[in-house]
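Every chain is named by a letter (A, B and C) in the order it is written, and numbering of its residues begins at 1.
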Amino acid sequence: MKKKVPVFLVLLLTAVLILTSCSSSTSGSDQNQPQQQAQQPPAQGSGPVDVSKSESSVVKLIEASNPANLPAAAKNRPDTLIVGTTAPSGKFNPIYADSVYDSYVTELVFDGLLMNDEKGNPTPNVAESWDISEDGKTYTFHLKKGIKFTSGQELTAKDVEFTYTAIADPNYDGPRMDSVMDLVGYDEYHNDKDGKVPKLEGIKVIDDYTISFTLKDVKASALISDFGYGIMSKDYYNFEKGNIQKLKDLFLKPMGSGAYVFKDYKAGQEIDFEANPNYWKGAPKIKNIVMKVTNADTVIQELTTGGVDVDIVAARPENIKMLQDAGFINIIHYPSNSYGYMGWNMRLDKFKDKRVRQALMYGLNRQGFIDAYYKGYGQVCNAPVSLVSWAYTDDINKYPYDPDKANQLLDEAGWVKGSDGFRYKDGEKFVIHWMTYTGSKYVDTLIPIVKDNWGKLGIEVVPELMEFSTLSTKVYDEQNFELYNMAWSLSIDPDPSGIFAISQDVKGGFNSVGWRNDESEKLIEQGLRETDQQKRKEIYQQWIKLANDDLPYLFLSYSDDAYGISSRVKGLKITPYEDWTYYIYQAELVNP
Amino acid sequence: MEAKSIEDVRELATEDIMSPWKLAWRRLKKNKLAMLGLYILAIMVLLSVVGPLVSPYTMEQMDLSNIQSPPSLAHPMGTDEVGRDVMTRLFYAGRISLSVGLFAVVISVVIGSVLGGIAGYYGGFIDSLIMRIVDIFMSFPFLPLLITIAAVMSDWKVPPQYRMFVVMILIGILSWPGLARIVRGQILSLREQEFMQAAEALGIRDRRKIFRHLLPNTYASIIVSATLDLGSAILTESSLSFLGLGVTPPTPSWGQMVQVARDLYTLQMQPWLWIPPGICIFLTVMAINLFGDGLRDALDPRLKR
Amino acid sequence: MPGTITKRGEMMRQYITRRLIQMIPILIGISILLFFILQLAPGDIFSTMMNPHMTAEMKEELRHQLHLDQPAYIQYFYWVQGVLKGDFGDSFYFKQPVTRVINTYIWNSFLLSLVSFILSVIISIPIGVISATRQYSRFDYFFTVVALIGISIPSFYFGLLLIKWFSVDLKLFPVSGMMTPGVNFVGMEKAADILYHMALPCIVLTLSSVAGLMRYTRSSMLEVIRQDYIKTARAKGLRERVVIYKHALRNAMIPVITIFGMWLPGLFSGAIITESIFNWPGIGPIELLAVNNRDYPLLMGINLILALLTLLGNLIADITYALVDPRIRLK
């Protein structure tokens, strides 16, 4: 299941950016080539490309024009697939992996109880089926029989129990706590440092193939959010309560029931895998997988020289063009499950007024920014929901660029233009100190546009760049800011409580903007307790409309994710909710 | 023949009554390469001061309908990612980069050579003390400190335009210890030479010995160090901006403008974005180097042309 | 006179011992200063952990586990306690012992830096000397311009150009990495594979250091050649080669030795930009990662090693001065 990776888009961006300064390319030779995908006709005799077979409505394919152009480097490794990855950190454990890169490793090596389909619905995996009790609090999973760890032992309910109990361990210091903390008996087990409470009450092994989890309260997002983590073998990983160090000692020797067996990790270079011939879904067709470390500066060159077969690239026309020119690379791109925004501190008087917030939204040429920066591979965002979410709705105010309307709203709000061209209210000049992060082309493009657009409204914008950790400390830990910008990479479930609940409006919480809207709070709570997806959808769409009107954020942008995939790789399925690891066991390597 | 020897005699005569600085200046003026360096530098300064004033565009004026366009008549160096005129920004950037580079180098050269000279000449406890300070400076990781300084400046709401001065001083302070060690190392050797024994015998004051007799013999290294520092200061300014310390966009600097060549597409397809600032940095570094070499020759009493 | 030599040796030994002893308080001082400055930088490892499923209380609990909720001096005390037992703590980010993390990456950096260091010495010193002896010749002009270009070009830019020319167009060298992925060579084959991958980053590093070293050698040589004793040596009828390489070069080496001393920590510190561009698994990007994540134990570990190397490098340079120029007395 697509994990809730706490590495968020911005972080990912800055991590790469700070390492290599500015990674994602800004440029484009001529801007008369937006949306050039699909213009390229498929080459004659190139055979069916399986990437397209699984194409969902949102995934777009640009087919390779000349698959035969495959470089010798790639031809020379008929049994080995090389996938580029950015920064694995060596925490190869399903309950410790805290970046997408480490998660790819655990997804190859481990299987979770459930998976998800491309719409984001939970689907069976190790658990063949599941029941939910009348009160909606108890989940009972029926495991498939005969699944074996690569050690030869069978995966049973006690392994599931072990995995989830490990997360509740008093000394657990990984990022998955939230998936067990709502279980009955969590606090008793977690807070007991002396080993007096041997078991977590909420987890019950019924027989070898049946296990149940009992929550303290209904949690509508539980299935999709909490039951996807890889199951660890109790025999292999077992440790005494409190001695979780054992798991860390085994970071570099992960062992699970997954499609691939972990062979070797060369820190900062590569991770090697070998097919698990006894994989319960069928032996993988590709014998070896290597995850090779690449970076955004040179990923295009790695792909075009055949150094890697599959890698994620920044979805920009320049990159796509360079990949197309190579001839043998299929390109897919789709809207990512994320959005970019600017957060304003609503504790400040100037941002308390909804009219001011709306004026700033109308008064910013967001389409112009997106056209300049993404050149066709991004869209304007108007609400705190991603384009691919099942809760998404288009029926909201689009806030088109309209300086006149913005001026009018500002006038109404009492900010009047002075003789110097700036707006004043009660003698206070309208100045916005905008804190943002360094080393990002996104920000470098945004700054002049914001300064110019809002300057024309009579607002002085003072941008201030800082290193990302400093920025997030000021925004979240200290709440000491006027305006900032970041992006959220979202989990599958649309529940926004982690970001917008009033309980998150504390120092260190994520409601950094201080949005305290009772209506919103009510809807969020309803959404979390409603298990019928259709009804939930209605609740969330109502909430989206509310957020779109009340504007806790200035919503900015949706961007695309793009993958370059060598034409020697067939049958690889990647969608916004499904990583390349999900169906890798079905993919194969051919000589085009 | 006759005339020339008279000329020579006259020159000798005037040299005798000229002050050493005047003499150096006269020698310098004869050195074509040094003057070329000086002219290049003067032109760079002139362009960055006057350029923005005569340009039809302003530094921030953007045009989203005309982004990343190649050089044309309207934009002799093309436009950037939001359609701003690259040439105008290049001139503005010169103000920042030249002043950051030159001031940082002056700071580093003054501190480095004075402390290095004192340490090398006196030796013993003073040398130990200064060199241990150098050790601490050199082994101290400045990355976290710079982040802290950046955060403090933002807490105090230091206006972005003033942060440039902090950057100059910081770069200067960061780069003096290397020079101090180089100067001191040379002076350790120089002070044992015969001419210093002569100076000793003549009873010349310490200050005079250090600044008149010892330091001039290290000018060569100081000039090389200044040339290297100038190049790196201009580039370091842009790295500091990654820590939130540099000049804040949209104000440009050459270092930041060169950074757009971070991806191969720009590198290959949009050379107008990075070649001009690159050439400006190169010319500045070269000008300082040529001028510095000439200055050294001019100040060297052994070289009489 | 054997007597003076022994006396000199004795003085030298005393000097070295004293300097080594002085290092201890300096290192302790640096560790204290460093620890507190690290704490001053805003945020900690959890500041960038932007996981909406991680509530403020959960973060507090994790902070407590790492003693991050304690004042800095208490945290320092915990750290020192570990160090005295030889335990530098676990990296916050990697959740592995600091020594293991450093050991994994630092030798890769050392390998790359050492090779490029040797190359740049081999290249730059002869060129510097020839440039000086033939001042204002075409040779001199050519390398002056080359050096100045080297100074003004950022290394990322040069690295990308090399990748474009040698990897993409000519397909001579791999784009990045340190070994061919998925293949486990051993012995000579492994060495050859690493050299093959090292070529491009090595050129970048070498060229950036050649420029400076060449200029220092040249200028210092020029200075020496003008000295009276060189004129005397020439006047005595010594061969030019002997004059230059035996008498002049030796004396011209003092600034160059200083630079060498300063390179010792550089051999281990890794080159952040070059290593990132070529995905060389060195310590440079790891330190940056540690800074960005406020990984105090890892930063303390890396920086104390580098501080120690800096002190040693400067000491070695000071000793070498005395060896090169016997008139220098170490006190």
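One rule holds in what follows: a residue touches a chain if its C-beta (ideal position, glycine included) is under 8 Å from a C-beta of that chain, and two chains touch if they have at least 3 such contacts.
Remember, predicted model here, so these are calculated numbers, not experimental data.
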Chain at maximum distance from subunit A, centres defined as averaged CA atoms: B
Higher-contact pair (C-beta pairs counted), B-C versus A-B: B-C
Distance between chain centroids, defined by C-alpha means - subunit A, subunit C (Å): 38
CA centroid of subunit B to CA centroid of subunit C, Å: 23
Centre distance in Å when subunit A and subunit B are each reduced to the mean of their C-alpha atoms: 46
Per-residue overlap in subunit C, given as positions that touch at least 2 other chains: 41-42, 156, 160, 163-164, 288
Overlap residues in subunit B, where contacts from two or more other chains coincide: 147, 151, 259, 262-264
Residue list for subunit A, restricted to those that touch at least two other chains: 18, 20-21, 297-298, 301, 467, 469-470, 474
Complex contact set, residues of subunit C against subunit A: 41-43, 47-56, 58-60, 62, 65-66, 93-96, 104-105, 108, 156, 160, 163-164, 167-168, 171, 174-179, 181-182, 184, 272-273, 276-282, 285-286, 288-289, 292-294
Residues of subunit C that touch subunit B when the two form their complex: 22, 26, 29-30, 33-34, 37-38, 40-42, 144-145, 148-149, 151-154, 156-157, 160-161, 163-164, 211-212, 215-216, 218-220, 222-223, 226, 251, 254-255, 257-259, 261-262, 265, 287-288, 291, 299, 303, 306-311, 314, 317, 321, 325, 327-329, 331
Of subunit B, residues touching subunit C in the complex: 123-124, 127-128, 131-132, 134-136, 138-141, 143-145, 147-148, 151, 178, 181-182, 185-186, 188-189, 192-193, 217, 220-221, 223-224, 227-228, 231-232, 234-235, 255, 258-259, 261-264, 267-268, 274, 278, 281-282, 284-286, 289, 296, 300, 302-303
Residue ranges of subunit A in contact with subunit B within the complex: 18, 20-31, 297-298, 300-301, 318-319, 322, 365, 368, 371-373, 433, 435, 438-439, 441, 443-445, 447-449, 451-452, 462-467, 469-470, 474
Contact footprint of subunit A on subunit B as seen in their complex: 60, 62, 64, 67-68, 81-84, 147, 150-151, 154, 157, 159-160, 241-244, 248-250, 259-260, 262-266, 269-270, 273
